[in-house]
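Chains: A, B, C and D, in written order; residue numbering restarts at 1 for each.
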Amino acid sequence: MARLVSLADGVADLVRDGDVVALEGFTHLIPFAAGHEIIRQGRRELTLVRMTPDVIYDQLIGAGCARRLVFSWGGNPGVGSLHRFRDAVQHSWPRPLELEEHSHAGMANRYVAGASGLPFAVLRGYTGTDLPRHTTNIRPITCPFTGETLTAVPALRPDVTVVHAQRADRAGNVQMWGITGVQKEAVLAAHRSLVTVEEIVDELEPVPGQVVLPGWAVTAVAEAPGGAHPSYAQGYSVRDNDFYRAWDEVSRDRDTFRAWLERHVHRTGAAA
Amino acid sequence: MARLVSLADGVADLVRDGDVVALEGFTHLIPFAAGHEIIRQGRRELTLVRMTPDVIYDQLIGAGCARRLVFSWGGNPGVGSLHRFRDAVQHSWPRPLELEEHSHAGMANRYVAGASGLPFAVLRGYTGTDLPRHTTNIRPITCPFTGETLTAVPALRPDVTVVHAQRADRAGNVQMWGITGVQKEAVLAAHRSLVTVEEIVDELEPVPGQVVLPGWAVTAVAEAPGGAHPSYAQGYSVRDNDFYRAWDEVSRDRDTFRAWLERHVHRTGAAA
Amino acid sequence: MSARSEPGLRAPQSRTNGDPVSEENALAAWTADEMMTVAAARQLRDGAACFVGIGLPSTAANLARVTHAPNLVLIYESGCLGAKPDRLPLSIGDGVLADTADAVVSVPEVFNYWLQPGRIDVGFLGAAQLDRYGNINTTVVGDDYAAPKVRLPGAGGAPEIAASCGEVVVIVRQNLRTFTERVDFVTSVGYGSGPGDRERLGLRGGGPRLVITDLGVLEPDPVTRELTLTSLHPGVTREQARAATGWDLAVAERLSTGAPPTTHELTVLRALEATKHGSPR
Amino acid sequence: MSARSEPGLRAPQSRTNGDPVSEENALAAWTADEMMTVAAARQLRDGAACFVGIGLPSTAANLARVTHAPNLVLIYESGCLGAKPDRLPLSIGDGVLADTADAVVSVPEVFNYWLQPGRIDVGFLGAAQLDRYGNINTTVVGDDYAAPKVRLPGAGGAPEIAASCGEVVVIVRQNLRTFTERVDFVTSVGYGSGPGDRERLGLRGGGPRLVITDLGVLEPDPVTRELTLTSLHPGVTREQARAATGWDLAVAERLSTGAPPTTHELTVLRALEATKHGSPR
C-alpha cells in the first residue's frame, strides 16, 4: 500500500540530489505543484526525464536543479519555445545542461521497456535521422526471424517518477482519466514513485477511460488540490492557456523569471 | 468505417479455407456464435490461433475445420481437459492436428508485435523449458546495450481475427468492457477482422473499463445477441458454468459429440 | 460439500476420523484435499501479491483472503488485479473477478507490466508431474511429444510465473503418477538440474519455496535444492509419503506435523466451495 | 481575427487587396497564413485518418473537418483517436480532444498500435527548416549540435510520423530561413538524398506528397523526388517563390494558381481561430 504523505514530505523523502527524475504528464495532469516543491527544496544535479519538457521543466532548469535532460520535445505547447531551456543550452545559464534527445516513439518505448522489466525496446524509429549520431542509446537490432533491421532503445528506469492524478483512495490506489499519456509506464518503470492527487477519497467511483494504479505499485501519494495548474485535471479544472501564453514573456528575461520564481514558488509554501 | 453485415455474410466473406484464424476472448466474450457459423459453412484446413483454445476450439477441431493449432493453453477452464483436442492429438480424429505451442506471455507478445507492425517481440520467457525444442518460433536475442540474452517470438498476423463485444454503433465503432484479454491486439494484428456484438446502438454510452475499437480499424461488425454463450458478455449475460461442466461428458465420446454438433450447430441457423 | 477426490488418489484413510454423528465431528472429518488447501492458504502472508491459477490455487488464495490475509492481492492472468471475489470463480475469467478487481488490464499488460518485472511476490502453480528439483510438467505425458500418451492443456502462464515471481508455491496431489524421477516435459522450471541452474538460466524469481501436497509439505534443501519432506499432515506417515514419491525422497531431520484444519478454516473453505457449484447469479 | 505573422516573414503585400471597408472586403482581405491553412485543408479527403500536430496542421485539419471532410479522423499524439473538437485546442492535449474522441489511448499505444503499423493515411508536419528533398529540421539551427545558434523544441512525434504515415503533408512558411539548401539537422526524413533512399532506409510510408507554404504548393518530382513548385497562391509570382527558396527551385511546366479562400472557408477558419484565443470554458 502506498503511504499517504504531505507533498513536502513526499518530495523530501523520495527525490534526492543527483537522482534521475521523471515528472510525466502529457499536457494534461502535469505535476506542477511537485515540481515547485522540488525547486523549493533546492534539489541539485538532477537528470530530468520527460517526453515533453514544457513549462515545469523550464522552471526547474531555470532554477538550476538540472544537470541533464533526457527528452523528445521541449517547447511551450501551442505557444513556442522554452526560453529557460534555450538559455541553458545556448548560454549555459544558470548552468550547463547536457542533453539526450529522442523521438516520442522512442521515449514512450523506453518507458514501456522499463515498466516491463526488459533492458530494451524495439521500434521502427529514428531511421535516417541525425538523432542516433548524438547518443549511444539508439542502436540497430536485427530480427532473428526475418533478418530485418530495426531500432533498439534502452529501458528508462528513473530513480523516481512523479505524476499527478485526479484521485486516490486511502489505500493509495490511484485513479486518473482523460489523457493519461505515459504515466502508468513512467510510474511502473521507476524505482520509487510519488503521485499527487486532486483529492483523497474513501472510495474510487469507476469512471470511463480510467487508469487505476494499485496502491501496492506506488510508493507515496500526496494530496495537492490544483497541483496540475496551469495544466489541468479533467473533471476538476481546465487548462490555463493564458498562463502558458504569458509564460513566454515571463521566461524570456532572466530577471523577470527570477522574480516570478521568488514570488510564485519560493514564497509560496507547499500544501501541508 | 466497418461494414455492418449478418453473421453468415461476415463469415462467408472474411473467413476462407486455409486461413490463419484467431477467435480470441479470454473466458469472457468468446465468439461462440461465429465459431458455430464457421463450422456450419464447412471451413477446412484452418490454422486456428488462440491463447486459450477452449470449448469453441474443441468444437471446431472435432468438426474437422482445423489443420493446425497455435496456442498456449488448451483446456476446459475450471473443468479439465478438452476431449476433442486430445482425440485429435492422440488419435488424429477426425484428422491430424499439428501443434505449435507457446506460453501465454509469448502468445500475448506475438499479438502485440502483430498489432505494432513489428516482425517480433522480446520477452523474458520460455527459458529452461522444453517448449523451444518443438518450434523454430522461439529464439534467443541479445540486448544491444547490456549483452543480456532474452527471448524473441515472431509477430502473429492472422488472416482474420474474430472477437465478440458488447456493442457497436452504426459506424462500426466497437465497445467492450470487463475482461478484454488480448482482443484489441488480435484485431489490430489481423489483416481482416469480424466483430460480433450483443447489440448495435445509435450511440456508445461510455462505460468504465471500456476498450473502444474505432470502426475504421475493423473490417465488419455483425449483430449476434447471445453470441458468446456459454461464455458471457459482462452487462448482458453470465457465464454458463453448467454448460462447461456438461461439455466434459458431451465431448468425451465421438458419437455424442457428433450428435450434439448436428443438433446444436448444424440444425441451428445463424442469426440473419 | 462433496469432497473432491480423484480416481487413483490414495487417500490416507486415517484422516477421516470416526463417524460424523455431530456437527463438530462432521467438520472434523476433513478430506486430504481440504487439508492440502488449508495448508497452502496458511502459507500466504497478508499483503502479498499473489498470481493465482484456477482450481486449488484459487481456492487456497481465496481462503487465505477470507481468513488471515484480508489484504492479499489476488492477480489473475485474465487481467484482474486485486480481485476480491465473494464466491469462487470457476474460471480465471469469471465476471466476479472483473467486478471486484482494483484494476482490470489487458492480458499483454498483466504479463509484461506486472508479472515479468518481478512485481508479484508469490506464484501459485499446479502440476501434472513434478520432479525432485521442482520442475513442472503440464504439457504431455509420455516420452514422445509428437505422439503423447496423454495430451495435457499445456503451459498457459506457468513458465513465466515460475520464472518471475518472488517465490513459487506448488499445490499437487502426491502419488507415483505426479511425483516422478524425471518429468516427461519441462513446462516450468523449478531448480533445473540442481544448484546454480536458475542463476545460469537468468531466471530472476526465487523458484519453488514450498510444494504442498495432500500428504505434507516439501521444501527445497538450501544447498542441494532437492525437494525435502519437512512436514506431514496429521495422520500421514513418512513411509506413506516416500511410497507416494517416484524417487528416493529426502526427509528433513526435524520432520514436523502440521496442525489439522481449524473449524473456522473448514467452515469458510466449505462455504467457498459451495459457491462454485452452480452457475453464478 | 488578428493575422498571425512572424518577424522576418516577408509577407507578399499583394495579398491584402484594398481597404476592408465592407464585410465582404474584410473577408476578401485574407492573409498569407489563411491562404496556406485553407490550401492545406483542401488536401484532406473525407474519411482519411490524419495524424495532426499542433498549430497550423491542427487548424487545417479542423477546418477540413468542419467544411468538406466531416468524417476526417483526427489523431493526436496525446492518444486521442477520432477527436472532434468544437474549438481549436491550444495544445495536443486539451481536454476538448479527450472529451470528443472515439477512443483515448495511452501514448505508447498511439505510437505502437496506430502510427507504427501504417494505419494513418496522412501525417501533417511543420518544419523550421526544409530542404529540396523534403527533409525536415525541428531540432537545432547552426552547424554545431552541442552549441547551436538556436535550440528548437526537437523531434516529438515527427520522425516516426514522417516514416510511417501513408503520406506526409508539410505546412511551412516559405523564406530563406526555412527553405535551406541543406537542413542543419535531419529530424524527420523526407526523400533523404534522392530517389530510392526511403526504400533503402526501410521507411514504409510514402513520404512528403505536398509542401504547402504561404506562397504556393510544392510536390516531389515523380522521378528525382526534388520538391517542385506546382501551384502558386493567388497574387504570388514564381519569382517571389524562387527568391524565398535557398536553392534553385524547380518549377513545374504547368504552374497552376490556387483558388483564393472562399467566403465560407474564411468565415469558418476565423470562427475556429477565435475559439483558440482564450482559455477554454
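As a convention for this text, a residue touches a chain if its C-beta (ideal position, glycine included) is under 8 Å from a C-beta of that chain, and two chains touch if they have at least 3 such contacts.
Because the structure is predicted, anything quoted here is derived from the model rather than measured.
Undergrad: Chains shared as neighbours by subunit A and subunit D?
TA: B
Undergrad: What is the chain whose Cα centre is as far as it gets from that of subunit A?
TA: Centroid comparison gives C as the farthest chain from subunit A.
Undergrad: Let me have the rounded angstrom distance from the C-alpha centre of subunit A over to the C-alpha centre of subunit B, please.
TA: Subunit A and subunit B have C-alpha centres separated by 39 Å.
Undergrad: Counting only Cα atoms for the centres, state how far subunit C is from subunit D in Å.
TA: 60
Undergrad: When you check subunit B against every other chain, which residues touch at least two of them?
TA: Counting only residues that touch two or more other chains, subunit B contributes 117-118, 123-124, 148, 184-185, 209, 211.
Undergrad: Check each residue of subunit C and list the ones that touch at least two other chains.
TA: Touching at least two other chains: 112, 116, 164.
Undergrad: Which chain pairs here would you call touching?
TA: Every touching chain pair, ordered by label, is A-B, A-C, A-D, B-C, B-D.
Undergrad: Name, in rising order, each residue of subunit A that touches subunit D in their complex.
TA: Touch list, subunit A to subunit D: 26-28, 51-52, 71-75, 77-79, 81-82, 85-86, 89-90, 101-105, 108-109, 111-112, 123-131, 133-134, 148-149, 178-182, 184-185, 209, 211, 232, 234, 238-242, 244.
Undergrad: Under the touch definition given earlier, write down the residues of subunit A that touch subunit B in their complex.
TA: 117-124, 137, 139-141, 143-146, 148, 150, 152, 154, 206-210
Undergrad: Please give the residue numbers of subunit D that touch subunit A in the complex, ascending.
TA: Contacts found on subunit D: 54-55, 77-80, 89-95, 97-98, 104, 106-108, 111-112, 115-116, 139, 145, 147-160, 163-164, 185-189, 192, 197, 201-204, 278-281.
Undergrad: Which of the residues in subunit A come into contact with subunit C in the complex?
TA: Its residues touching subunit C are 1, 115-118, 173, 184-185, 188, 211-217.
Undergrad: If we count contacts the way the header does, which residues on subunit D are in touch with subunit B in the complex?
TA: Those in contact with subunit B are residues 47, 49, 71, 73, 81-82, 102-103, 112-113, 116-119, 164.
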